[in-house]
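Here's the structure we're looking at; comments come further down.
For clarity, chains are labelled A, B, C, D, E and F in written order, and residue numbers in each chain start from 1.
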Amino acid sequence: MMGGYGDVQLLNEDGSRLDGRKVDEMRPVSIEAGILPAADGSAKVTHGLNVAVAAVYGPMEAHPRKIQRQDRAVIDVRYNMAPFSTSDRIRPGFNRRSREISKVTAEALESVVLVERYPRSKIRVEIEILAAEAGTRCVGITAAAVALADAGIPMRDMIVGVASGKIEDTVVLDLDKAEDNYGQADLPVGILPNTGEIAFLQMDGDLSPDEYNLAMEYNFKAAKEIHEIMVDALKRRYDGGEA
Amino acid sequence: MMGGYGDVQLLNEDGSRLDGRKVDEMRPVSIEAGILPAADGSAKVTHGLNVAVAAVYGPMEAHPRKIQRQDRAVIDVRYNMAPFSTSDRIRPGFNRRSREISKVTAEALESVVLVERYPRSKIRVEIEILAAEAGTRCVGITAAAVALADAGIPMRDMIVGVASGKIEDTVVLDLDKAEDNYGQADLPVGILPNTGEIAFLQMDGDLSPDEYNLAMEYNFKAAKEIHEIMVDALKRRYDGGEA
Amino acid sequence: MMGGYGDVQLLNEDGSRLDGRKVDEMRPVSIEAGILPAADGSAKVTHGLNVAVAAVYGPMEAHPRKIQRQDRAVIDVRYNMAPFSTSDRIRPGFNRRSREISKVTAEALESVVLVERYPRSKIRVEIEILAAEAGTRCVGITAAAVALADAGIPMRDMIVGVASGKIEDTVVLDLDKAEDNYGQADLPVGILPNTGEIAFLQMDGDLSPDEYNLAMEYNFKAAKEIHEIMVDALKRRYDGGEA
Amino acid sequence: MVELVPALLRQELARLAEENNRIDGRGRWDSRDVTLETDCLYNAEGSAKVVMGGTVVYAGVKFELRTPWPDRPTQGSLMCGAELRPVAGRKYEPGPPSPASIELGRVVDRGIRESGCIDMESLCIVPGEKVWGVMIDIHVLSDQGNIFDACGLAAIAALRTAVVPAERFDVGEDHTLQVNGTPIMASFTRVGGRFVLDANEQEELGGDERIHITLGDKGHLHSLQKGLKGVFTPAEFAEIFDVAQKRCVELRKLVAEKEGN
Amino acid sequence: MVELVPALLRQELARLAEENNRIDGRGRWDSRDVTLETDCLYNAEGSAKVVMGGTVVYAGVKFELRTPWPDRPTQGSLMCGAELRPVAGRKYEPGPPSPASIELGRVVDRGIRESGCIDMESLCIVPGEKVWGVMIDIHVLSDQGNIFDACGLAAIAALRTAVVPAERFDVGEDHTLQVNGTPIMASFTRVGGRFVLDANEQEELGGDERIHITLGDKGHLHSLQKGLKGVFTPAEFAEIFDVAQKRCVELRKLVAEKEGN
Amino acid sequence: MVELVPALLRQELARLAEENNRIDGRGRWDSRDVTLETDCLYNAEGSAKVVMGGTVVYAGVKFELRTPWPDRPTQGSLMCGAELRPVAGRKYEPGPPSPASIELGRVVDRGIRESGCIDMESLCIVPGEKVWGVMIDIHVLSDQGNIFDACGLAAIAALRTAVVPAERFDVGEDHTLQVNGTPIMASFTRVGGRFVLDANEQEELGGDERIHITLGDKGHLHSLQKGLKGVFTPAEFAEIFDVAQKRCVELRKLVAEKEGN
């Protein structure tokens, strides 16, 4: 955000976006569940040109002891970008950004998984970004939710990662790479599609209170659409074997 | 030490120092005890332009087990310089210098605390240098001693951090920044004011045996003065509440 | 390997090598056992200009617990090059190369030590390269084997580190520094001199199947020679005290 | 105060919430006393100390000369980091930066950066060759609750009172750093089931998720962050957002008072 | 499949070996199904996905502009690394690169490097000033046995389909990376006392040492590696070496098929 | 020797001290045998091996060409580090440098640096462009007590026999490194209540604090360090200081003998 260097045009004269999308239209999303034989649950989400894979292991005994919680499971999330996932290669290993995203993603998932059913245990969620084109933290949350469901982990609701933002003083749904680079704000959230609650929230840039409200409206609309694709993927998985 | 690049004048013609101090005169010192509500004991020492804060936690159970000593408490000291404490910012985290100072400071404090009263336990001493103007290791020791007393940890004596050195072939008490940068020797010690023993000793530079003796004499004199300020701070703390 | 930059001549016109050795002749080797008083077993191997020292500690209880094996001892090997062992100083600490060599060396030693006699225990093998002149991993294996024997650790056979390679399309035994830098292949192996089995194997460069067979033949011949020197060193150690 | 085990503490906090009360007697949207000191550290080019209840935080600003990034030859840089070292409380352990300290630093950083209060172009000395790098380091010395707001306040106050040490670097005369705005953070914690402002240590121990809102001078949002386990509804957000607007105006005044000095 | 404890599993594997059978019914030199996909990742200049039984591996190629080493002014560089992160299986733990992942990356790296398939001179743009650095990163997503062969295959396939992004770096037109050869790795594991090709997860759990052989287009050896506890005889090596020759020819065809695309 | 548990060992050491005896029969100010070897390692530009009782230590000197620091354009640099790796004894563990190894390296470094025996100006090749960096690495292979003195001796002996490899770096002819002095360390350990010289392993295990004194050729102090738990009086210091003077003269002779070679 705030990265704009001068006047990059991001909207066409008819109000549509450079890739032809409407302001409240998201990029195409496709999801496969159960793609990693070694994992207890897994999913791959393609969202625009983003590719995120999630694997779930557990519940298993939490160790070392000091991370155990007597009354619930802990969810151990690692959000990681593969070195080849970005335009400039990134060095393997965690950085400050990925550690922060891992923390808040774990806290969001702990808010939907019925963690109190598994005291003293750990559920590992591995989110691997193989190709990044803006919005990876949201795509990762969606992949994690499907992988958790694929692993049979009980949840009070699904969680869907979506983002809206602002470009050229206009609120739009689901920023792509150029919009993210030259835009004015980004509002990624994790929405519980059935309860309408929010389990993940970040935002940066500049939004007036009204713009915030409109961006949030778009997010709820998109969450509903993605949720249907998630449910379809899980249905295909259990009807048709390993998709 | 030995850092002098050429002939920097550090003494005035009347034998006084650039800031007007006499050779055996120390910089002004002020001390407050009990300044950090979260800690079991704490102190802030302003010595010249140095600012050091110390916090004490414990005695508490020592873990991991392998650091436990069956017959006494261990004292876990971290001497840390804040990134903004020096002229050039220093990267957060420990370096070789701070690790060495932490080690010998811990050993000095173990020599005065009645550690045998708390077998298998740990006392944490956190020394944070917020502003550095030469002599921080000594200021840190003084702050740690007051914080230990503030935490009610029994000690066989206080310990006072003081330093003398040599500039322009003259032994002087309590080097300031310029004197430290362009001086010829530094002799920081930790003195037990009542017993007259020494629990901390380092030295670098060049000192003849006679110069060493004079520098040590100055140190003992200064330790007495600082000790009175330490006692005052503790008295104020217990008479007047949180100072 | 493959490091050749142009046409460096490595063979004389009479087919001998630059240092006068024949193609199947190894550099001089000398071995001393029991040279480090603090260790349970130790050895120093000088092989050409290489100097490797190995120390063995144990068997001792393996900790942390998670490295313990119920049915055998684990062998914990650290192969380390001293900062001054190479032409350009190397930074202290492990790098990817030394970690890989440590791993495969440990696995080779576990193949000859009677590890099943010491369940849940650990044997530490420290290999320190003090001077490096090509072939250090093999010299380290030889040193480790003598140190293990010196420590009285039972083994099903000794293990001897040897290497052959290819220079100017000719297979030769025991590459020296120049041959290693400008040669075409290197085949370091760890040979059990009595059983004729192989416990360590690496290779890089370019070898036809026939060249591989010839290089291996040279290796077996050299292993026999070095084995005699190893046995002599151990005999001297037990006949003559600490050599 | 009697130390309650978390389960009992949670019960007590829920009971208090029903009575619309808090463990230290404050109203739901009341904050603890805040004191702000600036220019308090030798060697820092800008410095601030914030005491918020029993929470004590220092921030210091340092400058360095840098070569600009090739793709932004006329832009300087800003970096804000927070250290949550063992000095801050019994629960903090030594070691590499924890996720909690990384989050803290990044949330404060985003609030300042995204408000646009530092014009990166104003940090340029010679395009393509020399720009200023501004580094804000925050140091938590005592954590008794709501360190986010204390850190955010210390950071912007240190920044707004910073002097660019141009003489020391031989690139002109010392001058006040140009800062166009005063972004302020307001944080809310779910305690006893409902959100409260400026939670203290007990409330954080027995509470749930937090929401951090950073607002600019015009009341626009510049940074949001939800932390810890828990969910909230859009209606709950709307309620705390109004409180945040008032809180930020108050704290912004505190900063303004120091600038006259 | 029923999880057997290792001791029982070893017994079962030994019994099967006596019958010249394997736990999944394969013959000793049979491999599992292999699928290879290339050009499958946005942002990677070359990419490949290999599925080998239940093992899933991705490789991606990236380029960077570098200053050459002073003693090799006309040579670019190649680097190949493998990550064995916790995603790959229940047994993998977070933390710094394990010896196993370092070995994996280095063995794949040596096979490619030592085959000479990349002419380092061909990576030179301006002698002494600018050369390409080629970086192959391999990412194991699911380990159900024989990740070495899967990684080796993914790496060379990604490399052979890579496009040098010269335009993005403003040094000419994009062009296919020149790769002179297709080194292929074949790995053997001692299971039930004898070596088998392409071991699966159960066979690795109850097996012993592995031998990794990388062969070039002419059947020359470019890299060898023995891993894990165990010894072998020259005769055993001669036997698996013949199998390796055939296996490598087959996998090399798979790569060739993708290059026409 | 029978292994005594520390408490019993301390009693025994106290009893011996009363009789003015030591556990290995030495007098209070007697040292163990010392042998010094130099020029013993290929690739090191200066090298030394010290055996002091059962303690074995190597030191090696390497040179590199560096750009000088902008504020010291005519000065080279000196760095001395010590490694206390697991090879040195059963008690040493792998991992990042321990506080003990950092202290060891820094105390040896200060003794050499502060003696002024290396004139940093003499390491300048081209002012502002090229200077020598001198690096002394010390490697403890066997610790049976008093590694400080062994390391100090090895370091200065390696340095005083070092040859500057100017030809290899193409900056002139190889020449002996100019070293103006021979700083020597003498270390004392409190054992059985009183200080002794050159403590062995048992004495260190059952002893208390140590004092390390580095003296120059004229008997001036260049470095002091107190390590471990314990206090001492000025009178005790005066006593060991006199012993240190004699010890340093003896060890300095050992170094001088090697330089004729």
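Please note the rule applied: a residue touches a chain if its C-beta (ideal position, glycine included) is under 8 Å from a C-beta of that chain, and two chains touch if they have at least 3 such contacts.
The structure displayed is predicted, hence computed values, not measured ones.
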Problem set entry | Where chain B and chain D overlap in contact partners, by chain label | none
For this session: Count the smallest number of chain-to-chain hops linking chain B with chain E, moving only between touching chains.
Result: 3
Exercise. Equivalent interface to B-D, which of A-E, C-E or B-F, with over half of contact pairs matching by residue number?
Worked result: A-E
Problem set entry | Identity of the chain that, by mean CA position, is farthest from chain E | B
For this session: Return the chain whose centre of C-alpha atoms lies at maximal distance from the corresponding centre of chain F.
Result: A
Problem set entry | Whole-Å gap between the CA centroids of chain A and chain D | 27
For this session: Indicate the whole-number Å distance between the mean C-alpha point of chain D and the mean C-alpha point of chain E.
Result: 48
Exercise. Roughly how far is chain A from chain F, going centre to centre by Cα mean, in whole Å?
Worked result: 57
Exercise. What is the distance, in whole Å, between the centres of chain C and chain F, each centre taken as the mean of its C-alpha atoms?
Worked result: 31
Problem set entry | For chain E, residues that touch 2 or more chains besides their own | 97
Problem set entry | For chain C, residues contacting two or more additional chains | none
For this session: Could you give the sequence of chains met when travelling the ring from chain C by way of chain E?
Result: C, E, A, D, B, F
Seminar exercise, completed: Touching chain F in the complex, chain B uses residues 1-2, 5, 96-97, 99-100, 102-104, 107-108, 110-112, 187, 192, 195-209, 212, 216
Exercise. Within the complex, which stretch of chain F touches chain C?
Worked result: 41-44, 47, 54-56, 58, 60-62, 64, 81, 83, 85-90, 94, 96-97, 135, 137, 139, 141-144, 168, 201
Problem set entry | chain B residues touching chain D - in the complex, by the definition given at the top | 35-40, 42, 49-51, 53, 55, 57, 60, 78, 80, 82-89, 92-93, 124, 126, 128, 130-133
Seminar exercise, completed: The chain D residues in contact with chain A across the complex are 72, 97, 99-100, 102-103, 105-106, 110, 113-116, 209, 211, 216, 219-234, 237, 241
